[in-house]
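This is the structure, below, for whatever I ask next.
By letter and in written order, the chains are A, B, C and D; residue numbering begins at 1 in each of them.
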Amino acid sequence: MPIPLEIRDPIHGPIQIDSNEKAVIDSAYVQRLRGIKQTGFAELAFPGATHNRYTHSLGAFHLSARAFDQVFRTFDWKDEKERQKFKYTLRMAALLHDVGHGPLSHTIEQAMPPRKEITGGEGQATHEDYTQAIIGRSSLSKVLAESFWPDLPQAVLSLIKAENEYAEYFKAGKHDLNLFPALSSLISGELDVDRMDYMARDSLYCGTTYGQFDRDWIFSNLLHQQVDGNVYLALDSRALYAVEDFLLSRYHMYLIVYLHHKSVVYDEMLFQFLKSDDQNTRIPSDLEEYLKVDDYWLRSHLTASNNLWAKRIIEQKPYQMLLEVKSDQTEDAKHYADELEAKLKSEKIPYFRSSSTGLLSKYNAKDKTPRFPIYMIYRDPRFTSGFHPGVHYEPLSEATELFDRYKKNRIIDRIYADT
Amino acid sequence: MPIPLEIRDPIHGPIQIDSNEKAVIDSAYVQRLRGIKQTGFAELAFPGATHNRYTHSLGAFHLSARAFDQVFRTFDWKDEKERQKFKYTLRMAALLHDVGHGPLSHTIEQAMPPRKEITGGEGQATHEDYTQAIIGRSSLSKVLAESFWPDLPQAVLSLIKAENEYAEYFKAGKHDLNLFPALSSLISGELDVDRMDYMARDSLYCGTTYGQFDRDWIFSNLLHQQVDGNVYLALDSRALYAVEDFLLSRYHMYLIVYLHHKSVVYDEMLFQFLKSDDQNTRIPSDLEEYLKVDDYWLRSHLTASNNLWAKRIIEQKPYQMLLEVKSDQTEDAKHYADELEAKLKSEKIPYFRSSSTGLLSKYNAKDKTPRFPIYMIYRDPRFTSGFHPGVHYEPLSEATELFDRYKKNRIIDRIYADT
Amino acid sequence: MPIPLEIRDPIHGPIQIDSNEKAVIDSAYVQRLRGIKQTGFAELAFPGATHNRYTHSLGAFHLSARAFDQVFRTFDWKDEKERQKFKYTLRMAALLHDVGHGPLSHTIEQAMPPRKEITGGEGQATHEDYTQAIIGRSSLSKVLAESFWPDLPQAVLSLIKAENEYAEYFKAGKHDLNLFPALSSLISGELDVDRMDYMARDSLYCGTTYGQFDRDWIFSNLLHQQVDGNVYLALDSRALYAVEDFLLSRYHMYLIVYLHHKSVVYDEMLFQFLKSDDQNTRIPSDLEEYLKVDDYWLRSHLTASNNLWAKRIIEQKPYQMLLEVKSDQTEDAKHYADELEAKLKSEKIPYFRSSSTGLLSKYNAKDKTPRFPIYMIYRDPRFTSGFHPGVHYEPLSEATELFDRYKKNRIIDRIYADT
Amino acid sequence: MPIPLEIRDPIHGPIQIDSNEKAVIDSAYVQRLRGIKQTGFAELAFPGATHNRYTHSLGAFHLSARAFDQVFRTFDWKDEKERQKFKYTLRMAALLHDVGHGPLSHTIEQAMPPRKEITGGEGQATHEDYTQAIIGRSSLSKVLAESFWPDLPQAVLSLIKAENEYAEYFKAGKHDLNLFPALSSLISGELDVDRMDYMARDSLYCGTTYGQFDRDWIFSNLLHQQVDGNVYLALDSRALYAVEDFLLSRYHMYLIVYLHHKSVVYDEMLFQFLKSDDQNTRIPSDLEEYLKVDDYWLRSHLTASNNLWAKRIIEQKPYQMLLEVKSDQTEDAKHYADELEAKLKSEKIPYFRSSSTGLLSKYNAKDKTPRFPIYMIYRDPRFTSGFHPGVHYEPLSEATELFDRYKKNRIIDRIYADT
């Protein structure tokens, strides 16, 4: 029996890795993520936040196994082999969900090539296209197929894209149920392993407590719910408050860390740099070349450049923030910021105005309904839904009033200037 | 120079105690609190919650010093002696705020004597009356006066009652400002040291994460604000989210721990016991006798009693909860519970129905306006109020929209029966 | 499928309980342990240490399942049912290892009846005799047999006594191997679940960091080693430093917490009380009566007594410590203490002199060789034993030089007097 | 009154920074440290260890203020201004103790220029020479002099070098005592703020528990001891076990993290690269140029190089470890390694053999006596020295038997080969 490899992690303790998984983790594509900071420029405001997408990916990978074991504890598998197939598929999807991520932040996508060079579609490529291409057709694709089986890469891609392009693969159990909804929700949804890891991790590394939540309680109450041949992610109702607390924790992390005024101004300056430097700092479409594209790569471009925005970033001389106001609150607040903006304009002082939105859940927004509901289950009949007393289960969105309480987003309106 | 005593605490680490304070802490009245569990019957649901009011009182005492140093860092004291006077007064108020607390929970007050035997007023005594009497006229009162100065007990009482009965004492600084509002807010208010300690402590001992909040950040942003000769507790606006998180943490602790269905049913059974046993289990009005009144005392009464409620408590055979529903949510929920109640009634099954309210802040409620506002200060002019842009400071209640989001309380409607 | 019960614990998070286990946990014998503090009088020095033997027993129970899953991950069971049999047996042994413990500390054993009234042997009973009797012939014994199977109580007893009185029961796997050594080491040995729980728990509740150790790393490296038909507990060599750290942590907990001078003097006073009060405070031999014997029971005896030692304990007026010296270190130190003792004697001042020994491991001592060795396994051939290079495994005691470094015990010599 | 800046830190919470200190922290020299990982190649074994020397420096800076306040709580200052002078001096020394550190690890010093180009001495420069030059004659030197006073840089340098080159500066208090020993011990000694920070920080980021120690207890027992006009760092004897635990924690961190076999092999490969690439990867002697020298700089050299060692490092293809043995333990162990070495040699397989030493304290070694003793003080006469009963104070090295127990170092002998 091979000795399992263990990696120590500040968040999860020892992370166990099977030997077929090791080949994937050791691949250049996954190791590239060591060079990409998880929270980008936030490090300038929270100097402890030096953690990278590699440890985050390992963390999500680790949590996916815990989640899988919980969710499917009572599932009626055909056999152990079938169970292993889905567990490995989920673990690989968790490990690779960010494998195509560019340096620093999403702003870098400004420098990406046309999508047709990566995945064949219209418009400009995003990091998701790189993720798709790397899993689908790079040397990593071969490693995956060899370490597991030929159609694993495609199944992993389906989960990451949250589009079931391979329905046959996801039929499981003695009754041929469709596992895709539950698995997909664990990779990308309100309670996915991505968020569960990054909130805990970012919170620790930033030195804030806001992202801490009751992970153990949520995990030990994870279930699945079968509806019309589909298997959905579900939670026992005793985890209701834990989930509310989780959603609020994430909301606070947005307001405090991810939308911090320093991150915002540096991202804006990077954007200006990329716009004005478009001949030089271009992200290669060749996937082997992309292996070199990380924060070191971007930094060497910035350091070598004479572009003024690049200099400001490297020398840490950002535009100064003159005002931060939550302008949706009152018309007064908006006018207050408008006045300052008018003044800067009239005095010809260069400035930006940025607006960031703190929202409880993107699934709150009208156009972004999640593909797959998560269910709250009232296993213990003593605890019943406050909205639909007596039902056995209901979608999470109907089980809590939190989405209602936080309907109104918080808009953070900021003005930065060259003063 | 005397060697300061240090007591190790799981929450705060080493707690330093001056030698004049040691006499008070070692007094029988303060030591009595070792015998009273902080969260009463919650221990039955959260077995780790064995902590007592003694360590909580030490914790509040410890935090009061930290808070004092922060709040008055820039205050213009007449001299060091004046500063010491107020610091010791605050520390003693924090230490003694619960000194008259009865065994287990507030339910025990059912067994208290008429108030006239304790403090001279109308009606039945509460634990607050005992606190007042102990500080005002017991042997502890003498210890306080001797360890500090004669009018300290009265000043401490004023702070605990949040009624400034001794205006002269609280004038301070080169401009004779009234410190009472700020000090009183630290003992009893939205951000008092009582809450700051019990949330962290209860959270740790119960094994829940919900009561954790960013204490360090709140502390390092504590300030004071002078308005019309009065000095109020204040916070820099950069602690806004930390305070929102703190309020939500407390809300979640209520829903999860303090209003747990096991606590509620045992409290109700204790209430029934005290009602039906009114000849025997009476709390003495004599303060020296009261020294023996703690959880051990109550338990020996319960153990010795043949009362059926006492037996149920000791043998851990509570009424069973049949239903828990948040009946304010919808009429449907209320009807659902009503139906069950009607059924129990018609079948002559003994039952209780209990309603608990989870609310964000008691100051939310109309009739409970806090005496003293806490102010949010916009020291850094870049960060401005979203509601009143440009103001230098405003009351906390106007600086956050949280109270608005949580206007609607959560009512937990439960039915327990003898089944 | 029944809903598993979960109890939140400050140390381990949610502890899962199966429904057959619930009956045992809810029994009066296990619930009695709520009334017995884990660290007895240590609470007087470390006021946070209010935790009881109930949560400790739950913790050991929880860890035993984790340990079992790790140790036997690769064991070749006959079938799942056999695996369950041993897992439940181990869990019950962990849960019940302290079920007969008396109030406060081992000192109470002074008040226990002759052993012949409990288990039939010679001499005075100890708490181990009560444990044996409760598991073997009380109403709990019946609950165990009914919740599991008739011979479980006897098997559990064997494990707790570390004497395999039931060899047939412990034969397991396709090759009929003897599991007793490994299981017994997990209940009582250098790395048992008892220690693993109490060190973490006492450390947290006392507010000291000394008892923290790398539990996760030790657990994920637990193995078993088969030698001559016997299966022993084993560890991968990569956990060597973690085990050394664990042993040192325990040593420090002894020096700092368990042998604290306040615990020692109160224990001595309790001893004096029990000696001088032998008509009244006697522990009943009847097991149903024993259900009432907990800290509350002892305290009510102390409170009701006129015995001077009882009064000192209740009123917290101990003999004062005059000297603490590590007298084994040098002859000088011993003489220094001897001189003080001589002086007290000549002045007729009542005093005690107590000597406590801090030692790294009781298995260090010559007469206490552990029945069953724990093995260090060099699975990865790159890491080899420093003492016997090339061996595949060796006893823990030969794999580390720590026992050698700590051969010399630390003796703490104290003098307390009535001053 | 200016608003103090606060930086959140995962280890210490909010770190407060005064406005004169801000200019130093924001300087390019201090910001350069963001680009240098604290534990170098250890990140490859402990992927969480991405933290840099910037946060470590801030942490040491933060601790130095806490330590100063404790140590000199009872010191008889001439006035508040004098106190401030020493506090700022100490804080700057703590902040800047590593300011000249090169990329990754000490191995980089191989590429440093002759010392005469940096500080004027003989031989090759080390990072200490850069630290000296930066504080003494770079643009940072000017910032320091302007933010504080002209001779602060020189005083800071004295502390960092642990050589009192400026005796007049360090005379303090009403009796003109020499503070240098105590201040120097806080910057560089058995209990310095450097170690106190890095152990806690490395431990957290690596995900190991071994570096945790009872910082709060040590801090609250820090004192000073005056001997012959000199003021030394001292500790109350009640912190004896805390200090022992601290020393053992550090020892374990060495064995587990700092001397991890991956760190060792990469350091060796970097050494080989620097030796064989001496024309290209040279560290500039110009201090303004040195601002660009960080891990990014080194990595871009490695990436651009065709050197085989550089490729191995970048592509993560190290020599494989074939054996790790503690060869000092027995002659057998040494022979075992010798045999393997002989075999590799005869087969002409390229290999390294490396020997690392884990020792409890460098002050253990004969030739490295610390300049300034730290004293253990027996303030409370009840607790007396085990070696010299009755003394009021004694050097730490005589107060504990730990140095004696750990006299024998642990030598880790490893063989790596190109296989």
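In the analysis below, a residue touches a chain if its C-beta (ideal position, glycine included) is under 8 Å from a C-beta of that chain, and two chains touch if they have at least 3 such contacts.
Please read these numbers as outputs of a predicted model, since none were measured by experiment.
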More contacting C-beta pairs: A-D or A-C? A-D
Among the chains, which is located farthest from chain C on the basis of C-alpha centroids? A
Any idea how many Å lie between the Cα centroids of chain C and chain D? 40
Chain centre separation (chain A, chain C; CA means) in Å: 46
Cα centroid separation, chain A vs chain D, in Å, comes to 37
Spell out, as numbers or ranges, the residues of chain A touching 2 or more other chains. 8, 13, 208, 217
In their shared complex, chain D is touched by residues of chain A numbered 7-11, 13, 26, 28, 31, 34, 43, 46-48, 50-52, 54-55, 58, 204-208, 292, 296, 299-300, 303, 315-316
Under the touch definition given earlier, write down the residues of chain B that touch chain D in their complex. 1, 3, 6, 8, 13-14, 16, 74, 216-217, 220, 236, 379-380
Of all residues in chain C, which touch chain D in the complex? 208-210, 212-214, 217, 241, 244-245, 248, 252, 255-256, 321-327, 329-330, 332-333, 336-337, 382-390, 401, 405-406, 408
